[in-house]
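Consider the two complexes below, in which chain A is the common component and chain B and chain C are the respective partners.
For the complex of A and B:
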């Protein structure tokens, strides 16, 4: 099977019904089929990585499973984080902060970009 | 290959335009579709977009006509039909949708 570089681009805040979970499902399926998967949280999408501490089903807790699926290329938009007063140590999983230049390079290197 | 960005949301009701401008690289093409064509209205375009030189701007002609803004577009917007849309998709990689 052809391996493709697939970037999942999370740009919206959580709590939009099933949408955030559907993105995560698609991402995990791509990872299981051994595609080169990466994920970038940008804009209000960075809020998806905050642990709410609530008992309700929480997409951030599901994202915590990414390393288990060998998805280790997790990126956040540095400027979006700064604008929202967030730091990477507040997130539910290890993520690399990318500058604008880094984001441009990441997108340019992909075969497919999947938006949320 | 350069990236093709698709914007399908109006400029003031969504962050799609702003996020696209942030992530797009020189030489990329931006195609405005559905309510995204409102980004091409001259004053909006000049305020938000004209500083982003190096990008090629297109709008889907059917969506422009359906909204009655054909005479209000910024001059640098290239109108494209469905066939040209397909050509753009075939000649760019990756395709990034902003909504």
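For the complex of A and C:
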């Protein structure tokens, strides 16, 4: 099977019903299909990587398993993080913070972009 | 060129099924192919045959079904998303012991792998978010 570079673009807050979990499911299926998967959290999407410890089912805890699926290209939007007073240390996964310019290069390098 | 289309919204909350259908018509009108249409998230509600749209309003589910039949386009919905939202084929209805099945033809219930396969096989994968 062809290998494509697929970027999942997460822009919605985690508490929007099934959306966050369904996006993660799609990402994991792409990883199982041995595609070159990366994920970028932007806007309120950055909250998906915060373990608040408050919800019974927290998508952040599921995202923590990404390295198990060999998905290590995790990016966050630097500006979105700053606007929300967040630092990468607070996230459940090691993530690289990208500037607008970095995000543009990341997207330009993909075959497929899947937004949420 | 071979397109795959993903639809994430339903009629009551989003313009996405209508916009996606206009896009799909343009794809066909310009001589391109549609590899598959994949309805995900709330988009699976388009395949709910129990929905009654008020007179005079467009019924996106029916419009998609007609378009797909006319042009031989594959309409698929994600099984996990569909079960969660109560869109069931006869088979799933029996499996989960429900009182009815409501999957509209020619929509097919498939696994999420079909979405990724479409993204891989098509030249362009276009998503219409909710």
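We take it that the second predicted complex is superposed on the first by the 115 of 116 C-alpha atoms of A that agree within 3 Å, B and C clash if a C-alpha of one lies under 4 Å from a C-alpha of the other, contacts with A are read in each partner's own complex, and residues count from 1 in each chain.
Everything below uses one rule, namely that a contact is a pair of C-beta atoms (placed from the backbone, for glycine too) under 8 Å apart; a residue touches a chain by one contact, two chains touch by 3 or more.
As the structure is a computational prediction, the values presented were derived from the model and not from experiment.
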Message: Let me test your reading of the model: by the given contact rule, A:2 touches which partner, first (chain B), second (chain C), both or neither?
response: second
Task: For A:82, decide between first (touching chain B), second (touching chain C), both and neither.
output: neither
Message: Contacts for A:100 in the overlay, against chain B (first) and chain C (second): which applies, first, second, both or neither?
response: first
Query: Of the two partner chains, chain B (first) and chain C (second), which one does A:115 touch, if any: first, second, both, or neither?
result: both
Message: Looking at A:33 after the superposition, I want to know if it touches chain B, chain C, both of them or none. Which is it: first, second, both, neither?
response: second
Message: Quick check on the output: what are the common chain A residues between the chain B footprint and the chain C footprint?
response: 112-113, 115
Query: Okay, in this complex, where on chain A does chain B touch?
result: 7, 9, 11, 42-44, 79, 100, 103-104, 107-108, 110-113, 115
Message: Help me check something: in the complex, which residues belonging to chain A touch chain C?
response: 1-2, 4, 6, 18-19, 22, 25-26, 29-30, 33, 35, 112-116
Message: Give the list of chain B residues in touch with chain A in this complex.
response: 3, 15, 19, 22-25, 93-99
Statement: In the complex, chain C touches chain A at residues 6, 8, 40-41, 78, 80-81, 84, 112-113, 115-117, 119-121, 125, 127, 129
